[in-house]
Amino acid sequence: MARSVSTRRTAVVTLVAWAVALLIFFPILYTIITSFKSEQEAIQGFDLIPSFTLESYRDVQSQYDYFTPFMNSVILSLGSTILALIVAVPAAWSMAFAPSRRTKDILMWMLSTKMMPAVAVLFPIYMLFRDLGLLDSRIGLTIMLMLINLPIVVWMLYTYFREIPGEILEAARMDGASLWGEIVYVLTPMAVPGIASTMLLNIILAWNEAFWTIRLTTTNAAPLTAFIASFSSPQGLFWAKLSAASTLAIAPILIMGWFSQKQLVRGLTFGAVK
Amino acid sequence: MTLKTFLLGACSLLALGGIASAETLTIATVNNGDMIRMQKLTDDFTKKNPGIDLKWVTLEENVLRERVTTDIATKGGQYDVMTIGTYEVPIWAKQSWLLPLDKLGADYDVNDILPAIRGGLSADGKLYAAPFYGESSMVMYRKDLMEKAGLKMPDAPTWDFVADAARKMTDRSAGINGICLRGKAGWGENMAFLTAMSNSFGARWFDENWKPQFDQPEWKETLDFYVKLMKDAGPQGASSNGFNENLALFQQGKCGMWIDATVAASFVSDPKNSTVADKVGYALAPDKGLGKRGNWLWAWTLAIPAGTQKAEAAEKFIAWATSKDYLKLVADKEGWANVPPGTRQSLYDNPEYQKAAPFAKMTLESINAADPTKPTVKPVPYVGVQFVAIPEFQGLGTTVGQLFSAALAGQTSVDDALKQAQDAATATMTEGGYIQ
Amino acid sequence: MATQQTRTLARFMLAPSVGLLLIWMAVPLALTLWFSFQQYNPLNPIRDGFVGFSNYLLFFNNPAFLWSILNTLLIVASVLVITLVGGILLALLLDQPMWGQGFVRILVISPFFVMPPVAALVWKNMIMHAQYGVLADLMRTVGLEPIDWFGRYPLLSVIIIVAWQWLPFATLILLTALQSLDGEQKEAAEMDGANFLNRFIYLTLPHLARAITVVILIQTIFLLSVYAEILVTTNGGPGYASTNLPFLVAQKATLEFKIGQASAGGIIAVILANIVAFFAMRAVGKNLDR
């Protein structure tokens, strides 16, 4: 009896969960479906079965070569993430293990820098980049993206590192480990999951940053956000082409997210799990 | 990988990109069909001009405008050729931000460019931008629906006729709206249409002393007429419809009439994308018997920013893209109907084009009927038919566009929208030092 | 001794990131502050120069200003409420045993990976479009007039889109926290005869407090600066109905090129952000120290 009740319960839960999940996923799903329709079909009304034409993808590719913005997105998001980690790991480390009275303030202040609306500084930054010769350069944009996400990165790492129990360090010290030894052999293995998820989140944020990546680039450094900006509302029918371009722009990060969701979740807790 | 090797690596990547080609033109353009076609035909240019490579930045209109304006205002030097509209050209030329185009070549034939368009692109007898395509606005209508309503569209209709016809053609249960008009807020969206329309109602943005005129009865009449007409005979969600949305509606047979850019004619008459291609008729934009019609004048043009190091190559490119030969090239590859219209008299004299484009005559007449220097019934201190060629207009036009869009959506009354528009305009003009 | 050494090293390691942030914070902020006292219009430079506080006054007197503050706060508050309530419900649901849990989770978190302009474009054209949107099709099928989302309910439309983007984030964090809830405690509560609601209020919710705090803090940072979604869908309208502060600043900077006023607006936005952050921290900050 009990078993059949719980089976029935599981079935109901499954049904509800799938319905909700599909509802949430629906906009993405429908975009992918529409990308395989012809422009005529795309506005013909609701229809979940496309004619599986690749016409829109061909049109999109012939207008804007996908490869360059794709590579730029990869380079920018990876580059800025690596740079951010290089700067942030030591800082978060010292905040977590050698906190001073001002650590909390410094953290809050770092986060508050994120609240400045980007567009207010567009002109000053544009002129700064012009003078430094960084306009439309990958290096300039990499640094920009790194700085934008640095506060979140530092904070995430801090909350993660703080969960590492201090007794382990004490024990290592008793054994006569040097400070560097302590860091390399004791702490690093424990910190890897936290660093990994921080890295993933930062890659996602950098990939999806759509203000500076459009404003500070023309051709050489333009990533997929700029690619999308050239399809957003052209003349004529564009629903299928827009869907194809959207699918191309989000597919890489979506797939990466799906495969790494377990690693992502571990650090996304911000120490919320005890 | 350390920071240093990463930086070094990134730098050398960049350096490689820089040396690869001696002269690369960066061209900023809008993602309209004609420009995308140009992008695809660039082989012809690079073959004729070895040593010049082209790089394209194709963006949606508003983003493009923001990007090129930011760049030229800060002298960022990111572009060698910019696609700009007839609104920007006089303002930027006055700031000396554009290089005059005086080496377009012997066979370019500047005088072939339609005078109404050429006038708006010249200052002190020098051409500062070359038109890539030009447009006015006109009425496109469904002959079959007009007949069904028992009416016959004259070549030069009045607003009253159009409104009457729109109401009679409307059949919401069959998904047919009598008229589709722009409602999406923006100085180049609903305000382009409404400003042109207001001209025919005898309204104006400013009087001779730059005093805003939204408190005058002409504007009230214009906006009332528009809002009521759209309520009775317009499509759902009209306040977010721009050119594109209306085009899609018309192509799907959901509009009886559509007053919009003349370039739309080549889209609605294209059987590949339009379900009503063989049923479309054309007429001049309506009037009110006051001597002005509600049609605008616009051209997308190519210009060279003063900061570029590659002016010579840039001018070569512009000469190519706006030449008679380019028109012929497009005609050979894609047919005469797809040639960028509205720039050259010779195109309209060409019998092949006349045959391929049934809307050619109406387009030319509409363009010639617009006069940017005398756009309104009463005198005004500004130039521009559907815009006011002052730098403040982009912002002001968009603000007013928002207010009028809210009136269309039913969120505010016509009177409130006009009052707020008057306040916004007064504030802007005071701040800009036009009025005290 | 080790502590002394650690402290010194800590300061040393802290230096680069704090230094970088200081520059990042100081240079643009100083520039913005400077420009906020200048009339600077690159399109019409005739009257450029020092103008004192007039940029601030002009920004305050803008009829859109109060709207923009209200809309900014409305967006932050509504999205927080939707994502927290929705997130908790979803987390409770996903915490139950079911078939295909992994796949369901993948579907639910997907919106978080979609870049804001794409999310806005998709919702605008595929879902909410009054003629071609799926919702319009649905309404017509049941014989109703399609809703003109962006004309009738502009702010609500923006909120729905933004909430859709952030719901997965909230769900993920809350779900992870929920899964760490001690099973024994749960069973003990069940034994005591506590019903579901009581268990939820006295056991689950306190356990989630810290996760909720994290969601609020992180999301507030991003929600205060919602911009792309508005630009793509409603363009701030109709009227000022969906203009928020970042959008108003953007309009000043990139449409009117009144850099002085835009800078003043930026400074005001920073102040507003800090006020919000201050109250948010007072209200929930203690959860972080647990």
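To keep things simple, chains are lettered A, B and C as they appear, and every chain counts its residues starting from 1.
What we mean here is this: a residue touches a chain if its C-beta (ideal position, glycine included) is under 8 Å from a C-beta of that chain, and two chains touch if they have at least 3 such contacts.
In this text the structure is predicted, and so the values were computed from the model without any measurement.
The greatest centre-to-centre gap from chain A, using C-alpha centroids, is found for B. Contact count check for A-C and B-C (C-beta pairs in contact): higher for A-C.
Computed from the mean C-alpha positions, the centre of chain B lies at a distance of 36 Å from the centre of chain C.
Distance from the chain A centre to the chain C centre is 15 Å, each centre being the mean of its Cα atoms. Residue positions 42, 132, 254 of chain C are each in touch with at least two other chains.
Within chain B, contacts with two or more other chains are made by residues 70, 74, 248.
Shown for chain A are the residues that touch two or more other chains, namely 43, 122-123, 229, 232.
Those residues of chain C lying in contact with chain A across their complex are 2-3, 5-7, 9-11, 13-14, 16-18, 20-21, 24-25, 27-29, 31-32, 35, 42, 90, 93-94, 96-101, 104-119, 121-123, 125-127, 132, 134, 137-138, 141, 164, 167-169, 172-173, 176-177, 180, 210-211, 213-214, 217-218, 221, 224-225, 227-228, 232, 245-246, 249-250, 253-254, 259, 262-263, 265-267, 269-270, 273-274, 277, 281. Chain contact summary for the complex, chain B toward chain A: residues 1, 3, 6-7, 10-11, 13-14, 17, 26, 28, 31-33, 36, 39-40, 55-61, 63, 67, 70, 74-79, 242-244, 247-248, 251-252, 263, 267, 273. Across the interface of their complex, chain C is touched by residues 66, 69-70, 73-74, 91, 95, 183-186, 235-240, 245, 248-249, 254, 391-392, 394-396, 398-399, 401-403, 405-406, 408-412, 417, 420, 423-424, 427, 431-433 of chain B. Looking at the complex, you find that chain A touches chain B at residues 39-40, 43, 62-64, 75, 79, 82-83, 86, 122-123, 126-127, 130, 135-139, 142, 214-215, 218-220, 222, 226, 229-238.
Per the touch definition, chain A reaches chain C in the complex via residues 10, 13-14, 16-18, 20-22, 24-28, 30-31, 34, 42-43, 45-46, 87-88, 90-91, 93-95, 97-98, 100, 106, 108, 110-125, 128, 147, 150-152, 154, 173, 179, 204, 207-208, 210-211, 224-225, 228-229, 232, 239, 242-243, 246, 249-250, 253-254, 256-258, 261, 264-265, 268-274.
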